[in-house]
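Have a look at the structure below, then the notes.
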Amino acid sequence: MAAAAARAFAIVAGVGPGTGSSVARRFAQSYPVVVLARNPANFTPVVDEINSSGGKALGISTDLSDAASVRAAFDKIAKEFPDLPLAAAIFNPGGGFVRKPFLELTEEEFVAGYNSQARGAFLFSQATLPLLLKGVDQSGEKKLEHPPTLIFTGATASVRGSATFATFATGKFALRALSQSLAREFGPQGVHVAHVIVDGVIDIPRTKEWKFPHPDAKLSPEAIADSYWFLHTQPRTTFAFELDLRP
Amino acid sequence: MAAAAARAFAIVAGVGPGTGSSVARRFAQSYPVVVLARNPANFTPVVDEINSSGGKALGISTDLSDAASVRAAFDKIAKEFPDLPLAAAIFNPGGGFVRKPFLELTEEEFVAGYNSQARGAFLFSQATLPLLLKGVDQSGEKKLEHPPTLIFTGATASVRGSATFATFATGKFALRALSQSLAREFGPQGVHVAHVIVDGVIDIPRTKEWKFPHPDAKLSPEAIADSYWFLHTQPRTTFAFELDLRP
Amino acid sequence: MAAAAARAFAIVAGVGPGTGSSVARRFAQSYPVVVLARNPANFTPVVDEINSSGGKALGISTDLSDAASVRAAFDKIAKEFPDLPLAAAIFNPGGGFVRKPFLELTEEEFVAGYNSQARGAFLFSQATLPLLLKGVDQSGEKKLEHPPTLIFTGATASVRGSATFATFATGKFALRALSQSLAREFGPQGVHVAHVIVDGVIDIPRTKEWKFPHPDAKLSPEAIADSYWFLHTQPRTTFAFELDLRP
Amino acid sequence: MAAAAARAFAIVAGVGPGTGSSVARRFAQSYPVVVLARNPANFTPVVDEINSSGGKALGISTDLSDAASVRAAFDKIAKEFPDLPLAAAIFNPGGGFVRKPFLELTEEEFVAGYNSQARGAFLFSQATLPLLLKGVDQSGEKKLEHPPTLIFTGATASVRGSATFATFATGKFALRALSQSLAREFGPQGVHVAHVIVDGVIDIPRTKEWKFPHPDAKLSPEAIADSYWFLHTQPRTTFAFELDLRP
């Protein structure tokens, strides 16, 4: 799919070998896709794969919790897709959090959970919502097929603060608060804001060796991506806000 | 689609002009569909529509909260689809509950909420789960395309007991408890049990006149049906348990 | 305390060797107490203990899920305390539910969870709320010291439907729905309606032999009773609706 | 009460004219109390009141979201109460958050919600938990009367992200995640960690003019303080984790 011909594009933030890459692959079936991650090694394989199989993908190295880095990425995006509305924006930041007895956590380690999840989501939402709203305003022939969609990836820690999980849970709870608040503010404006609770271990290279008694004990990143795509296709009359996925 | 050729069928319980009929129509695109409702006037239009447009549907007048009536319906189903596994069972009972100041409720009125929702769901689940489990056991060529699925329709009253809503909320809370319990017992056995919270007014003839400031203020029964179908198509590795839908 | 001198009384429904007896004992320090349970063997010890230590207690054998039995009990209560307002009503029904694989449950076993919890709570609330409202209306010298209070005992199963717990969870979820609905209807009228989630094993004779690695692993019925009393003493400006207790 | 004779002390962080001062006053009936707030004008009245009425209070100007400021405050506390265990620590930070359409929020405004609530709570918990654990270890004659207690003040925004409330809700959700995590880690060690959801307008000078149709529409800070004290007095067998208070 050529960007020239495309009527809208998608952005996936937080792309590693698991959910992020699968979501990028899934949305690339319909849109040019921009993928953001700090480390290019994380997005290069999926970018190459999409580009070499008839889709269009662009990777931009971005520190999602850093305002200047996010601004630079969206400047590049604005040049690449100057007048295109944004069909979908997915925020799927890697964890990278420390799990420790509470009294051994440093302030920096503790705050990292918030920065990665909630500060990152704030910067990403402020950058993408104006582009998503542009898609709502289209009309007639230029109208998008599906309502513009902003999806956040949650986890079990979004609804439960376990012992020694203070860092991750504070970040994920805060992310869920933000997504609720945005759903209530931007849903009536036509942007579908959703929060997906991914409740279990995802089947990626890093977890290959983790054995479970049950053959279907790990979530499939492709099936997670199908769920995100399904959320994107829901009509404005019937938005799902929250979906929980488990193996 | 001829029943003879079909490899599985679906049952939709609680079919009126709204969600139930749309769900039946949606699942009839892939399966012969049995629709259950007390009053044939509620299911005859959708049964005729499906049968006259190339699908196969069978309506059976059933009081879902009455064990003998449910048993009679499933005897008829067993004769109609003797060896066929059940691909999907949807429990979508009509409300029909009284809303009154608490001290004016009769015991019968109060208990009606439970009977319609939780007793009905108990009888329906006990009748359908053995047929759904049959679909799990299939293998090789006879394997079903999607995991057998049991879906319950919830409402705002499933998670919030409002003033003067005691009857409906006790029924809907109990229904949600049952669906959680069944998901935990039968999910590991391969049956996808899900609960959908329909959080708003559905756009059906009865609510046509209800005006809202926003043009998309009512849930579309077709979009609800698409959500149920999506849940049905999820693979065993990645089941959603709960989905909330709002306009 | 002589009933003649008392300005209000309390009723505790569902009294066995655990929470119910402790709650009765606690409220008997301030009020004459009526205790209700099906089996007199369950309430006789605490009734005797209260009466012999300067308090006043009356036990009435009552099937709380049977309207006629509840009516007979409240007729007796009306004779005993003809003009007294009700200061507090506590609904603390015994479990007595069957835990089984879902497909082995009979309809009767399943419905027993609802009858014991939600039907019982309905009958109890309809009988006590008029007496509690009488206490709100008092003024001046006759004013009660604390707002009239209606407390329901919940459990972990009030918020989580576990596998094979369908019977108990449907009853407890429904009870929580009812208590939310009553809090919203009667709170503004001055009755404090609260729901206490007792989340763990209670230290009673029946659980004496259950060993846990931690010495404080079992909830103390006296401490639970103190919590109920605390809820009763909250002023109208600052009602707690829900409290969760764990060891 | 002289510090010399006291067997333990309490710390209240976030003291203004409302809940904080009432909590300080309530705990000062049993313990010397340290009150922390950025602006001395906020704590001076209650400190003076306690000291002049036979209690003992010490105010320390502290920026709770700044590690160096918190460290300095606890150095001062260590000098004042060198060997005393901490009986209770209450975290009750002022709001001071900006409410705006999401796209108008600056990053600094957004992060302020987290800093005030979750970063502050992190610093406060790391400083107080070692002192609270000291109280658990006491034995025999030196044993404290009540288990050491750490209480966090939540709000409606702790469980609901409303439109334009992104800043406050992300902070309050994160605070709740932290308190759950700490309860699960330190409860088994004997520290009672609790989270109180204060769900409504508190009756303080700033809200005096806010009129409501109902005379009891505002929460009383004294009754909130009584609830905190009640939580403190619960025995180790029966801790409440969460309590919601509404008018």
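In order of appearance the chains are A, B, C and D, and numbering begins at 1 in each one.
Just so we're on the same page, a residue touches a chain if its C-beta (ideal position, glycine included) is under 8 Å from a C-beta of that chain, and two chains touch if they have at least 3 such contacts.
Since the structure is predicted, the reported quantities are computational estimates derived from the model, not experimental observations.
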- subunit C turns onto subunit D (C-alpha superposition, degrees, nearest 5) by 180
- Query: At the subunit B/subunit C interface, shared numbers over all numbers used: above half (same) or below half (different)?
  - Reply: same
- Gap in Å, rounded to a whole number, between the CA centres of subunit D and subunit C: 32
- Task: Could you put a whole-Å number on the gap between the CA centroids of subunit B and subunit C?
- Result: 36
- Query: What whole-Å value do you get for the distance between subunit B and subunit D if each is reduced to the mean of its CA atoms?
  - Reply: 48
- Which of the residues in subunit B end up touching subunit A in this complex? 187-188, 203, 214, 216, 218-220, 223-224, 226-227, 230, 233-247
- Message: With touch defined as at the start, can you tell me which subunit C residues reach subunit B in the complex?
- Response: 67, 101-103, 105, 107, 110-111, 114, 118-119, 122-123, 125-126, 129-130, 157, 160-166, 169-182, 184-186
